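Letters A, B, C and D name the chains as they come in the text, with residue numbers starting at 1 for each one.
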Amino acid sequence: MPGLLNVGVVGLGRMGSVYARNLAQRVPNARLVAVADQKTELREAFGREFGGVRVYENHQELLNDKDVEAVVIISSTSTHQAVVMDAAAGGKAIFCEKPMSLSLEGAYQMQQAVDQAGVFFQMGFQRRFDAGYMAAKKKVDEGVIGTPVVMIATSRDPFRPPLEFCDPKVSGGLIADMGIHDFDLGRMFMGEVKTVHAVGGALAYPEMKTVGDIDNALVNMVFDNGTLGSVQLSRNSIFGYDIRTEIWGTKGSLQIGYFQHTPILVMTQAGITHDVVPHFMQRFEGAYLTQIQDFVNKVQQGQKPSLTGADAIAAMRISLAATLSCHEGRPVEVSEVDVKPAPVG
Amino acid sequence: MPGLLNVGVVGLGRMGSVYARNLAQRVPNARLVAVADQKTELREAFGREFGGVRVYENHQELLNDKDVEAVVIISSTSTHQAVVMDAAAGGKAIFCEKPMSLSLEGAYQMQQAVDQAGVFFQMGFQRRFDAGYMAAKKKVDEGVIGTPVVMIATSRDPFRPPLEFCDPKVSGGLIADMGIHDFDLGRMFMGEVKTVHAVGGALAYPEMKTVGDIDNALVNMVFDNGTLGSVQLSRNSIFGYDIRTEIWGTKGSLQIGYFQHTPILVMTQAGITHDVVPHFMQRFEGAYLTQIQDFVNKVQQGQKPSLTGADAIAAMRISLAATLSCHEGRPVEVSEVDVKPAPVG
Amino acid sequence: MPGLLNVGVVGLGRMGSVYARNLAQRVPNARLVAVADQKTELREAFGREFGGVRVYENHQELLNDKDVEAVVIISSTSTHQAVVMDAAAGGKAIFCEKPMSLSLEGAYQMQQAVDQAGVFFQMGFQRRFDAGYMAAKKKVDEGVIGTPVVMIATSRDPFRPPLEFCDPKVSGGLIADMGIHDFDLGRMFMGEVKTVHAVGGALAYPEMKTVGDIDNALVNMVFDNGTLGSVQLSRNSIFGYDIRTEIWGTKGSLQIGYFQHTPILVMTQAGITHDVVPHFMQRFEGAYLTQIQDFVNKVQQGQKPSLTGADAIAAMRISLAATLSCHEGRPVEVSEVDVKPAPVG
Amino acid sequence: MPGLLNVGVVGLGRMGSVYARNLAQRVPNARLVAVADQKTELREAFGREFGGVRVYENHQELLNDKDVEAVVIISSTSTHQAVVMDAAAGGKAIFCEKPMSLSLEGAYQMQQAVDQAGVFFQMGFQRRFDAGYMAAKKKVDEGVIGTPVVMIATSRDPFRPPLEFCDPKVSGGLIADMGIHDFDLGRMFMGEVKTVHAVGGALAYPEMKTVGDIDNALVNMVFDNGTLGSVQLSRNSIFGYDIRTEIWGTKGSLQIGYFQHTPILVMTQAGITHDVVPHFMQRFEGAYLTQIQDFVNKVQQGQKPSLTGADAIAAMRISLAATLSCHEGRPVEVSEVDVKPAPVG
């Protein structure tokens, strides 16, 4: 039996804190040995609560900590490239939250760095570790629905983020920011994407136009094998967090997703009412835990990463092509967005 | 109180028989006085069952019957133009089942004929008379979901028709044959369509390729007001008839449609299971009755038709544009499909 | 092929009108030849709408009509005994809506009369002809849920009837008036009932006490074979008509019933809402048609009735025992309520 | 801000391990300082995993540990009395998992001991801390459903425990073992119970008779205020864990509970299928955490316990009365089961 894997977490924001707590408390074969965050109050509060965990200001200090075997990178996307490249240089096993980078060039450079260093590198796409998507993948593989021919994916956030986070220079824009999960699922269930066509608009929040973003979009996809995909994205799911995916096959269909959060129905003269999952952490809490457990297991057991940089780059390419299609009003071949060096695959 | 409206039905096939029975038995202010069908056995069997109803071989004989005030045309699409033009010339009130015609030119000629004759002319699109869609329209008009910004429509048939009926020369092709209902709903809920983009393939039944048709398609729409629509069409809904529509608004959403047919859940070690609405008549039986009742009421009360030829032509234009988009792999402006004379508005 | 069965309907109230219309229009092998009702306006309005149907004031006039082969009795319960006995004396085939009689003595006398006359006699319990209950019975018989061991039945009306109809001297009281359907289903799925225990109260409408009735009750049953049943009755289902039944078996369970009426979900910040089946005709419209079709078929084909007087008497005995239990606060053996002559069966 | 509460856990079986882990990892204001279990392997494995936690063989050793401020008792029911009385004598704050004791006499003695010692004493009934039941309680208190008049509770376990655990001398029998949660909920939503009537049988597992237990039961309750309750208990919920409760009010109803476990629907020619929550830990994992968090909070903040010994005794009295009713075939007043000393109130 292997011992505990010593892990450091870079970034203690909302998501980083979830990862750090999961590693400290709920992943039996991991030991959280260090955290790093430039915000003094975040790292000091964490340090007070978790007495034995070392607290650093900069990621490089954490990487210099000889006890850190693996690093989990949950800092802001703009920092991913520097942290990953430093961690690769330091020989650490790496987990990096999506999106890999804001630019395809950056992602290629990160991939080159980890390839050259030969370190373990796993990307985070938590939906792949959700019980519903895992059950769906298993059933597809078992042939329960015959051959998948269409994927329908709906991703709807319950509210608009602050405008500064909607700025496509920060978020990549609606299609990249929200759709990348669905594009990744498309690759998981259907295969590689050949062509996309997207339409969108700032329909619910006109102020979106001031930062150059949209709040609703529809993306049609044609996969290499001729099968089809539809992705529906929205920022104004005012009733809750609405994530649903359908895998449509020749012998049946799988629907993944649900609405209801609290197990109670209210039946009055107004009809029958229930609430809705409020946001992503309530929906995917278990998936985040399963995902980081999977990373620790894979590192410890010397297995291949469940999601590679090539996977993340492939999803980014679709995102970029769909964004381009939406801007130019025409179908876009995914290969149009490629830059040198050629895509890793 | 007006007396009974004397109605004749042209066409006694599967759907024509439903219309004729509804008019004979379930529309209190109508009297079925005559039916016409070229198939001897169909019209004779009907005549035996409904003693007082006159039975004709040709539609012209039925139109010559002085007692026939209104004619309901459910014969095959290829005959619609001739029957409608003869009925208009005969001064009858006309109900015509969708699709109006297989060609836009034919539809324009029909529209011209009824306009010139000044007769009452109502098109059939039964979904508009379904309790779910009517409730949705009412709620949208009441502002329950704010402003509609996206429509998502799913239409899935439980099996492939015989190949000869799939031939686009007969059916118009998958997108026109099945999608026209969804395009009509798009106009009802969102407005006129400006641009469409469609992708499709013969993915479940490769033999479809032999007649030049497809079995699955996705259509993205942009409406004149900038709002969006997605239509998902399939012939291989192997578990049942799957018709769902979502109207997505700034303050909420409406989902129309359901799966369950028989009010029973089976709970065994295999899980919890229920059946599915098998086909369109089980789903829309009430809508067909409501629709023909509406026609009789409107004629009797001298009101405007609920759906005009212009409505049917508008839905046809979208169908044709989407079919063209699917063939040419590019977005198509709906106005590209226009022919002379200019579209009726 | 047999010809048409000539049927007369006694009673044109709300339910009688439904039966008469079904027989006139929707049962192909029946011909409605006569109706009878003491209310002048009811019978004259019906006669105006259905030109060829003869209209009588008294049931005896209808029974004297030589063309009437079968009689469908939907008049008020207090008249059932006289009409059935006269119809039996007249040699008619008889369908009688539940409840058979307000007293067990009356029911025995009716049964004796039809037995002596040797006429066809079928009782109405429409739930047995509902698609859900028929599917459940089929699955139980196929062994899908193993051996049934518990039945849970819920019957809830959306409002209180006028107090004069709640008077137990008219209605039999809540347990008899509403529960008799569930007791009949208990016999259909589980077998004969040995012992009952009931509790109840005027909990939602205190004014019920002024007529000596209750508005909510719970009945526990033990069947002869040792299996169990629970019946839950209520008059204050303010959100709609709530009829559900569960058959609980050793290898699984069947749930019959549903809430949703219109196929639309409303999703707003208030949550996800749908409506509810409003009342029994919306829920069981199909069952009433299937039931009267079954009667006509059975008479024409010379088969045994689907539900006999003995079935109705058995359900009445359970109703009376449960009512007695509720009054006396003790378990009651069903046989305690027997009167002379001994129960038929 | 108070510091951390130092807690010891007695009993490291399946449930004890859940409590110990929750206290060690997921209750921020608690510190797990010690555990005790007579099984060497259980306590040594726990000690290896949680390095800083002291490990004792006997509960008395744990109680002697001066650092232990509060004790959480999850050992077998037969040991509850001795541990609680020793903990009370030691002045510890006490949390005791249900059932309090196998005998009412024992429970009274425990209650006397904690009263005399003046220590904090909270009983565990985790359903009260489930999000669904908490939401229901809040809505009832807000008047959303008017006045509650009937409670319907269904508790069904997915399989039969080993026969030795079914022995009523160990488990108290089906009605006490499973029903006590529902009786507690009855008190929470409706008030005190006056009379019960129960029927039951060994219907699914005939071998139950060899140990004198049953596998299915129905219990009718009349509350002091005249409202009604029905509890349905079963050991053969072969498809999963089925816990549902309905609070039926004068203006509406609340249904608590759900079936679906994994967020996926499978749609094939067999129909639409989903899975079911497999067992209680999957259903109530969150409730167990909320419950022990509540205990720690209440102790730290010097507040009253959320559930007292009197609450547990009240639920036990109903259990005993219902069991007696089932044996004797008659309604039983709850007060019939009282013993000296008089019930604590």
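Throughout what follows, a residue touches a chain if its C-beta (ideal position, glycine included) is under 8 Å from a C-beta of that chain, and two chains touch if they have at least 3 such contacts.
The structure presented is a predicted model; accordingly, all values stated were derived computationally and were not measured.
Asks: Find the chain most remote from chain A, comparing centres computed as mean CA coordinates.
Replies: Using the mean of the C-alpha atoms as each chain's centre, the farthest one from chain A is C.
Asks: Given the two chain pairs C-D and B-C, which is bridged by the higher number of C-beta pairs in contact?
Replies: C-D
Asks: Go ahead and note the Å separation of the Cα centroids belonging to chain B and chain D.
Replies: 58
Asks: Would you mind pulling out the distance in Å between where the CA atoms of chain B average out and where those of chain C do?
Replies: 40
Asks: Go ahead and note the Å separation of the Cα centroids belonging to chain C and chain D.
Replies: One centre to the other, that is 42 Å.
Asks: So which stretches of chain B touch two or more other chains?
Replies: 238-239, 251-253, 260, 266-269
Asks: Which stretch or stretches of chain A touch chain C in the complex?
Replies: Going through chain A, the ones touching chain C are 238-239, 259-260, 266-276.
Asks: Taking the complex as given, what residues does chain D use to touch chain A?
Replies: My answer: residues 25-26, 28, 49, 130-132, 135-136, 139, 144-145, 251-258, 260, 262-269.
Asks: Any idea which chain D residues touch chain C in the complex?
Replies: Residues in contact with chain C: 147, 149-150, 152, 154, 195, 197-201, 203-204, 216-218, 220-222, 226-230, 232, 234, 236-239, 248, 250-253, 329-331.
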